[in-house]
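The following pair of complexes shares a single chain, chain A, combined with chain B in the former and chain C in the latter.
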Partner chain A sequence: MSNAELTAKTVFNEVRDLLEPYNPNAVDIVMDTDLAAELNVDSVAAMTLIMEIEDKFDLDIPINLLPDVNRPRDLVDAVLSQAKSQ
Partner chain B sequence: MDLFDKYAPFSDRYGQLEDLGVDPFHMRVEKILSPTRAIIDGRETILAGTNNYLGLTFDPTVIAAAVRALKTQGTATTGSRIANGTYPGHIALEKEIADFLGRRSAIVFPTGFQANLGILAGLAGSKDIILLDADSHASIYDGCRLSGATMIRFRHNSPADLDKRLHRLAEKQVNKLVVVESIYSMLGDQAPLDEFAEVTRRHGVSLLVDEAHSLGVFGDRGQGLVAELGIEDDVDYVVGTFSKSLGSVGGFGASNHPKFDILRYTSRPYMYTASASPSNVEAVIEAIKQIRARPNLREKLWDNARDLYRRLTDIGYQLCAPVSPILAVNMPNEETAIYCWNELLKAGIYVNLALPPGTPNGACLLRASLSAAHSPNEIKTIAGVFANIAARAALKKQPERVGL
Partner chain C sequence: MTSPTITTNSNLAFVRADFETLTEGLDYAARGSTGCNFFSSRGAFEQAVGYAQIREKAIDLAQAFDRAGFERGSRMAIVAETTPDFMYFFFACQYAGMLPVALPLSIHLSGHEEYVRNLANLIGKAGANYAVGSPELIEYVREAAPQLEMIGTPANYFALPTTGGNLRPFQKNELSYIQFSSGSTSSPRGVVISQRAITSNTRGILRNGLAATEADRAASWLPLYHDMGLVGFCLAPMMGQISIDYMATQSFARRPMVWLQIISEHGATVSFSPNFGYDLCARRGLSEKARSLDLSNWRVAGIGGEMIYPNTLNEFAKIFGQVGFSKNAFMPCYGQAETTLGTTFGPVDSGFTVEYVDREQLANSRKIVRAKVNGHTPGDDYRPFIKCGGPIPGHKIDIRDDLGSPLPEDQVGRIVVSGPSLMDGYFRDPEGTASVMEADGWMDTGDLGYMSDGQLVITGRQKDLIILNGRNIWPQDIEMAVEKIDRIRSSDVACFSVSLAGGGERMVLVVHCRVSASIERDELRKTIMAKVKKASGADCEILLVSPGTLPFTSSGKLSRAAVKSLYLNDELVDLAQPQTSFNSQPNEEPLAAMAG
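Entry: the complex of A and B
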């Protein structure tokens, strides 16, 4: 699938898989799961996660967006907006 | 609700360290005795965790220069460089640095941290893209943020990842600045600067190198790793600090760009802070003279680094990078790292304790750094204590054998 064909659902499925290593309590990851409180994704882990997402979708996500990344939904939005602009 | 609520995770983390019997943030040097000795917790301690690579903090000529300036120019300038804070010494130091590095111009800042803030925030703007190494120092991250530029991280020490990202960004018609360091302070690992230079040259983008830990350490006269590799023409901007090999406080940016000096009128961290004190400035001028004239200091530093590296690896410790003046010893877990750090301190050896989240890849490290001022006996003593602790840590049945 090219980045032009990405949808929120396909991106979320990939993001959810990438979040699994941060999910020791096996919570059900949904679009609005709290990354810090429910998945233990701190600021350092978030930067690592961003890099994994960049590799998965072959795009760049500026880390300036990090302060606004609180939930999987924010990561999905970042991927979709960067896919569009790149 | 309280302004400090946001720091709850930090308080929890600090509490965990206190529970483990360690308080590395409040270690006090009760009395400094020499570049390599101090009184800590009432004990004479060998300092093996400073950045005093060439031991110049107690050099008689450097001290004399600082004292002369103190007596004749006072304790401070009490003004910024754009007001009353530019003395002949500031101009002389900038000329000295430019000459030392073979650059057209150099700009001096009161601290190394401010040098990165001022140069990065001055060079880049909100329409530009900065690509920075993932393991960059906090001052680089903060300088990039202050610039307002789009910040893209690439994998640590990976010219291939940088190349991939520059290909993706090729169509974006904006200025792109790549930022790397020569030596990374946490692991002591060296950047493949020549490979980075090849990538940035091929893509036609600018390259800035932070030589904080390599100035005075590499190059035939101590000019840094850029000079050692002979890639001066491919490196557009160099940043450095006076608080390591040069044994003082302050920092600088240097470049051949004909418009570089405009940063003096546009970079707020340069413009709106008191200038470096005259004694600092004169001490640095003298320190540069010393490192130019005394290549034996660098030789001694590298001899000491090689010696301790060999001794630690012979004991069985795992070091994170090839030999450099920073030797990061990998610990199997936080509990062992804290145990060993405490035991080293009790035995009169100070090294840095480095724990997540401040370390790459969640590593737990004992970080030793060498000085030309360490005597062969001090190196032997440091290694001896490490050996005793490795044995004791194993006897205590730590979760994994130390460093193995």
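Entry: the complex of A and C
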């Protein structure tokens, strides 16, 4: 899959798979799941997660986006906007 | 520049920080061809700026500041990303006689509000008049401190007219910058560093600490808003015309091995990290890719900034010794923002020395009784400590008891220091300053330790020390013991004590809980209690909380003070036992919320 063909849905599917290790209570991960409250993503996990997403899509996610990343939707948006600009 | 700067100037004599102001040092370095290099999160070379270019841009800006009417002595807050702009603005302030203040970045998910609150606190404490940050971060500053006289991106400031603007560099008897302390035991404080302090300290670092030569090259991922990053890996290299290779701190957090890759590819000889940086790399291990590293040029691998654990260093050396890393490169150091950066350095090319100290004697009488080591590691009755070297020339260290009397070697007490690297005080905080500066020119570091054969050994932070029934309990010992339990990770545990209304103290443990069944939680609580008893001989209250609850400082250190504050404010929820079963309630006033 080249980055040119990415859609919100395909990116979300990948992001959801990457989030599964942080989902001990097996909640249904949707676009609006709260990463901090519903999943087990602490600050260390966040760094690993961002790296995995970067590797998966071969792009760099600027770290200054992180304070406003609250839900999978924000991660998907970050990937799409970076895929477009890189 | 399209390739990294050279390591050794061919046309300029090497001068080890023999300067009286930062601008004098930069003026000199700018005559050569060395400078700063910036690498991507994957280790690709991105850009180089020579010291000549840094000086040129800084002077342009300094003229613009004067022309715009920015007053001498005013403060400029700089959101300290690892970019050339940071250097331009920091040194522009030096040429303009203004105090730069580096502000931290936020790298937390959902951290928007907390970051804005933190920035507002720091900007307020520094009394900043101006702020600069990248286009991506400047909005946080606008939100935090809309009242500043000018808030802008680097481009906004570079667009100011320069014609007619004068340079008003700081003189040798003036100040230099404000550095925020990391705030692991208190809210961050604005440490005022003078030209005397920064030039004395960089001289001590280069000449005596590192024994730097013109063949040296530095590499760093350390944040420029902390003393180890700013002084150790920006100002000191510049004062010695040493080239440096940077990767951003947040890149290191994601890809620690890129640090080693940059050292390997560009031949750095000097690089530092707190203990956890070596730990992160050791955990990644020697992958296929890492086998091609060459770490044989790395002659000083400094360690400081937090407690140093021999196991981490041994593990790192064992793994990366396979690709040329020398265990002798390790250099334990000690210092803090209040002493500019470094106070003691271990001896060059000697590695680190561990002492095994009898825990009982240490707990009961603060006396150092060493284990006899006959080729095997002493057992759990002994606690390992690392020697951190002696003070740099012109500086003195004393160990004192609580009443101020000097203590002999092998006796644990308060570490006090004196010398030209000491801060002038905390900015606009005479009370805070008076609480650490003693009348005779000595400063209380807030740390406890002892002298061993002329070398300093740190045993812990005084404020963190728990005293139960006359026994000294070091919280990091308890935390480490509990972190060894299956399903508890490092940085999952905070240990502190609270005073009880009826007198005495109670030890409290707050632990991230990663199991959800209540039977498992009960089991976990019992296991923790058993570990604590074994490690300290004391009882404690245990709170199992959701992962992510424990607060960390901007340098990644657990803030026990902030955890305690949450506890005293009743903001911690025990997952299994919402109602605390203790009858006697703590009588301490809740502390103000800790930032950092």
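Following the convention adopted for this analysis, the second predicted complex is superposed on the first by the 86 of 86 C-alpha atoms of A that agree within 3 Å, B and C clash if a C-alpha of one lies under 4 Å from a C-alpha of the other, contacts with A are read in each partner's own complex, and residues count from 1 in each chain.
As a convention for this text, a contact is a pair of C-beta atoms (placed from the backbone, for glycine too) under 8 Å apart; a residue touches a chain by one contact, two chains touch by 3 or more.
Since we're looking at a predicted model, the values are computed, not measured.
J.: Using the superposition on chain A, decide if chain B and chain C clash or fit.
T.: clash
J.: Determine, under the contact definition given at the top, whether A:L35 touches first (chain B), second (chain C), both, or neither.
T.: The answer is second: A:L35 touches chain C but not chain B.
J.: Taking the superposition as given, does A:M47 touch the first partner, chain B, the second, chain C, both, or neither?
T.: both
J.: Would you sort A:N25 into first (chain B), second (chain C), both or neither based on which partner it touches?
T.: After superposition on chain A, A:N25 lies in contact with chain C alone.
J.: In the overlaid three-chain picture, which partner chain does A:V69 touch, first (chain B) or second (chain C), both, or neither?
T.: The second partner, chain C, only.
J.: Which one hits more chain A residues, chain B or chain C?
T.: C
J.: State whether A:D58 touches chain B only (first), chain C only (second), both chains, or neither.
T.: First partner only, chain B.
J.: Could you name the one stretch of chain C listed in 81-89, 117-125 or 513-521 that collides with chain B in the superposition?
T.: Only one listed stretch clashes with chain B, namely 81-89.
J.: Overlap of the chain B and chain C footprints on chain A, residue-wise?
T.: Correct list for chain A: 42-44, 47, 50-51, 60, 62-64.
J.: In their complex, what parts of chain B are in touch with chain A?
T.: 9, 134, 145, 150-153, 155, 165, 168-169, 356-357
J.: Quick check on the complex: what are the chain A residues that touch chain C?
T.: 24-25, 35-36, 40-44, 46-48, 50-51, 54, 60, 62-70
J.: Please name which positions on chain C make contact with chain A in the complex.
T.: It is residues 40-41, 105-112, 114-115, 134, 136-137, 140, 248, 250, 253-255, 491, 512, 514, 516, 547-548, 552 of chain C that touch chain A.
J.: Can you list the residues on chain A that touch chain B in the complex?
T.: My answer: residues 42-44, 47, 50-51, 58-64, 86.
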